[in-house]
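Each of the next two complexes has chain A plus one other chain: chain B in the first, chain C in the second.
The block that comes next holds the complex of A and B.
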């Protein structure tokens, strides 16, 4: 039982990370129909920004800020202006393929210009275990969970309670009407890209101490975000959170109790069942179809 | 340009391309011929995906898995002494049936959900290739897949096998051309453009969706069955999601929904990386940049560039004719 709870907490921590990445993924989809296949690499990259800043002699906290700023500027602003804007009008698939090329580009660039080896990355959590009611839980997991929850709550607050957040929601739900009502839709779309840049930097900060900073880190993560977003409903931020947590827990538990050989497939099969019974995802709304 | 002139131009283009494909390898070294054979094989798989995605509008991330199934069919049967043609038949039938079954979720879910279901299938297929050692020899894969003997001629030399692949590609091309020009092809396009309207006009969308999956997948299986003897070694890592995504890229970069799209996409996906090897370590970086640049310049792919050029010329010719006509009206 203790083992089960430990697995559950580890699964929750992994799931919280997936959720963080999936929320950004969903935001981009909502406002601009961007399926970002490079999302995993977006999480891989900020760790290297931070490492490079530390090599330049900055202390860890300053390096984090530099990484965050670069991430927002490059993975948020430049990504939107250079790649998304020119292709926005031409449907979902060409842009999705272009982001696939982008993911190769980012991965290979880090491998060639930084290092093909995994680099150790400092952790913001103490390397110790917390003993509670006969359970030992690593601080790492607790910090990951805590930071991820805080980030999601802050984002929800921004979206639900502030004027800008509501404008962003309006821009996502019905750009035409939002524009008529005077919402600067273009700027709202840009904001979602900037938020995504910040979210991936945060995820990078949390995940890199666990897996070490390596160019290939994005492979599984991007896929996990994609799956979490779909299972949750793709057009719902709450859905992405539920999808991420579910994926993390199912992944950890099925590997421990069912089969490690088919580790990758069991969550997928379970999730397919969900999709078939709820074709719009767990919390999704049906998207309107034009006849 | 009159209709007849354009047809003549088309025939000339096909003849030139065919002459190049037949004659060029005579000047190539072994590796060049090998890569060109790979182009022919992957183009067959991409033609299949173009039917499913480009014509019928059903997103599939599982084409690589079908190539894998076809390849394992060929590897298992031919190493047991069966002729390749039997393996090809089995691959076609097996992939047709599995593709048909995979089409069922597509009746219920669309777009990214469908992408997800096919992605899951792709992952599952990879794990089966890797874990079911009694059938697939696990991570070690199946080595020494023999080349077939065609018309009493062994195709062990790369050049002969290349001609065999080219012949198969030609067969597939003609068959697909027939298909997309038939009422079936029109029904596929109707499905893509507006499924609800197609349904209300009496198109049996259910059957056509399943058919689009089944036929596209069968072509993937055929490509796999040709791939196994080409490479000689069939192992799981060749058929991961990466292959499916690569095939998807071939279709989009070439021009999704255009008949010639997969051929051009194949050039970009198979040949371009090889040409870029001159820049050594940087070739993948450069390759990714080129693909992004191309898509930014022309989101409808390579065919889109040609199309835009032709439309431009036609509009200019038309406006010149209009100007001439109005001038002659003003001065009777």
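The block that comes next holds the complex of A and C.
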């Protein structure tokens, strides 16, 4: 039983990470119909920004800030202006294909210019276990869970409780009407890209100590975020959170009780089951757009 | 016809892609009055509104609002000049609450609008259903209630000019009456109203002027009473002389 609870907590921690990435993915889809197939690489890359900053002599905390800033600037702002805006004029599909090309480009660039090997990455959590009620839970998991929850709560607060957040929602739900009411729709869309830049940097910071920083880290992460978003309904932030958590738990439990060999297949099975029984996802609705 | 119009279109040419819908459209809309635009389906009525509100850019011609050249104005400039546009169909944010939907009607005024809470309360008071469901998702409103939401949202900043496209579609006869009454009150407070309506007879009965649009051009523009009494108009748009009211 204690073992099961520990696994559950580890699963939640993994799931919270997936959720962070899936939430960013969903935000981009909601506001600009961007299906970002490079989202996994977006999580892989900031760790290298941070490593490079440390090589340049910065302390870890400053390297984190540099990585976060670069991530918002490059994976948020530049991504929107240089790739999404020009491609979206040609349609949703050309844009999706362009993000696939970007994913390969980022992966190969890191491999060529940084390293093909996995690089150790410092952790913000102490390397120790917390013993509580006969359970031992790693601080790693607790910190991951705590930071991810804080990020999601902050994001929900922004979206629900602030004027700007509600304007972002309005721009996502009905851009034409938002424009008619004077909402600066373009700016609201840009904000979601900046937020995604910050979310992937956070995820990168949390996940790289566990998996080590490696150019190919994006493969599984991107897939996990994609599946979590679809499982959750694709067009809902709450859905992406539930989808991410569910996936993390299933992932960890199946690795422990079934076999690590099938670990890669389990998320896909989950996806198929959900698509069969709830085509709009766990919390999703059919897309409807007027005007 | 009017020397100091609130809106004036002069030879406006506009359309979608290669297709031209407004083919040199011209008219002057009277200040402080209700003008109803009628015309067959596809005449370009909604296109006129989209063009005035900058969602569609004219290929040539000019638009003047309140005496100023508004041909190239953005939506924010139009809103700042006191123009509001309530389009045809459903135009809500389904997942935001009713209250937050209405609040978005004040975006153009910026965060420094001090009496925002009072305005919001007044808007909710206008229609009991909106008050009752203020904190529910807007998608839970009935079609008619959604339209009421759009109207009070549009009126939140006390517009000088209201462009309203087919407000009566999907509304019960009682709701249509309430909506028309509200618009009349607004006119009496000094606003100018340009309205498109399929419900032509009842709309003209509460209007000051009528404008008949056909193939993107003004066919007739006169006192509402004169339009109502015109035999040709009666036959084409009012469903005969007797009992046409309420026909959609």
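In the analysis below, the second predicted complex is superposed on the first by the 285 of 291 C-alpha atoms of A that agree within 3 Å, B and C clash if a C-alpha of one lies under 4 Å from a C-alpha of the other, contacts with A are read in each partner's own complex, and residues count from 1 in each chain.
Methods note: a contact is a pair of C-beta atoms (placed from the backbone, for glycine too) under 8 Å apart; a residue touches a chain by one contact, two chains touch by 3 or more.
Since the model is a prediction, treat every value here as computed from it, not as a measurement.
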| request: Look at A:86 in the shared chain and tell me whether it touches chain B only, chain C only, both, or neither; answer first, second, both or neither. | output: first
| field | First, second, both or neither for A:170, with chain B first and chain C second | value | second
| Is A:261 in contact with chain B, with chain C, with both, or with neither (first, second, both, neither)? | first
| field | Partner chain in contact with A:101 - chain B first, chain C second, else both or neither | value | first
| remark: Per residue count on chain A, the busier partner among chain B and chain C is B
| query | Does the superposition put A:272 against chain B (first), chain C (second), both, or neither? | reply | first
| said: Identify the residues of chain A that lie in both the chain B contact region and the chain C contact region. | reply: 291
| query | For the complex, which residues does chain A have touching chain C? | reply | 163, 166-167, 169-170, 173-174, 176-184, 288, 290-291
| Once bound in the complex, which stretches of chain B touch chain A? | 59, 105, 108-109, 111-113, 115-117, 119-120, 123-124, 127, 131, 194, 196-197, 241, 245, 248-249, 252-253, 256, 281-282, 284-285, 287-289, 291-292, 295-296, 299-301
| field | Complex contacts: residues of chain A adjacent to chain B | value | 35, 37, 83, 86-87, 90-95, 97-98, 100-102, 104-105, 108-109, 112, 223, 226-227, 230-231, 234, 261-262, 264-265, 268-269, 271-272, 275-276, 279-281, 289, 291
| note | chain C contacts chain A in the complex at 53, 55, 75-76, 79, 85, 87, 89-96, 100, 103-105, 107-108, 111, 153
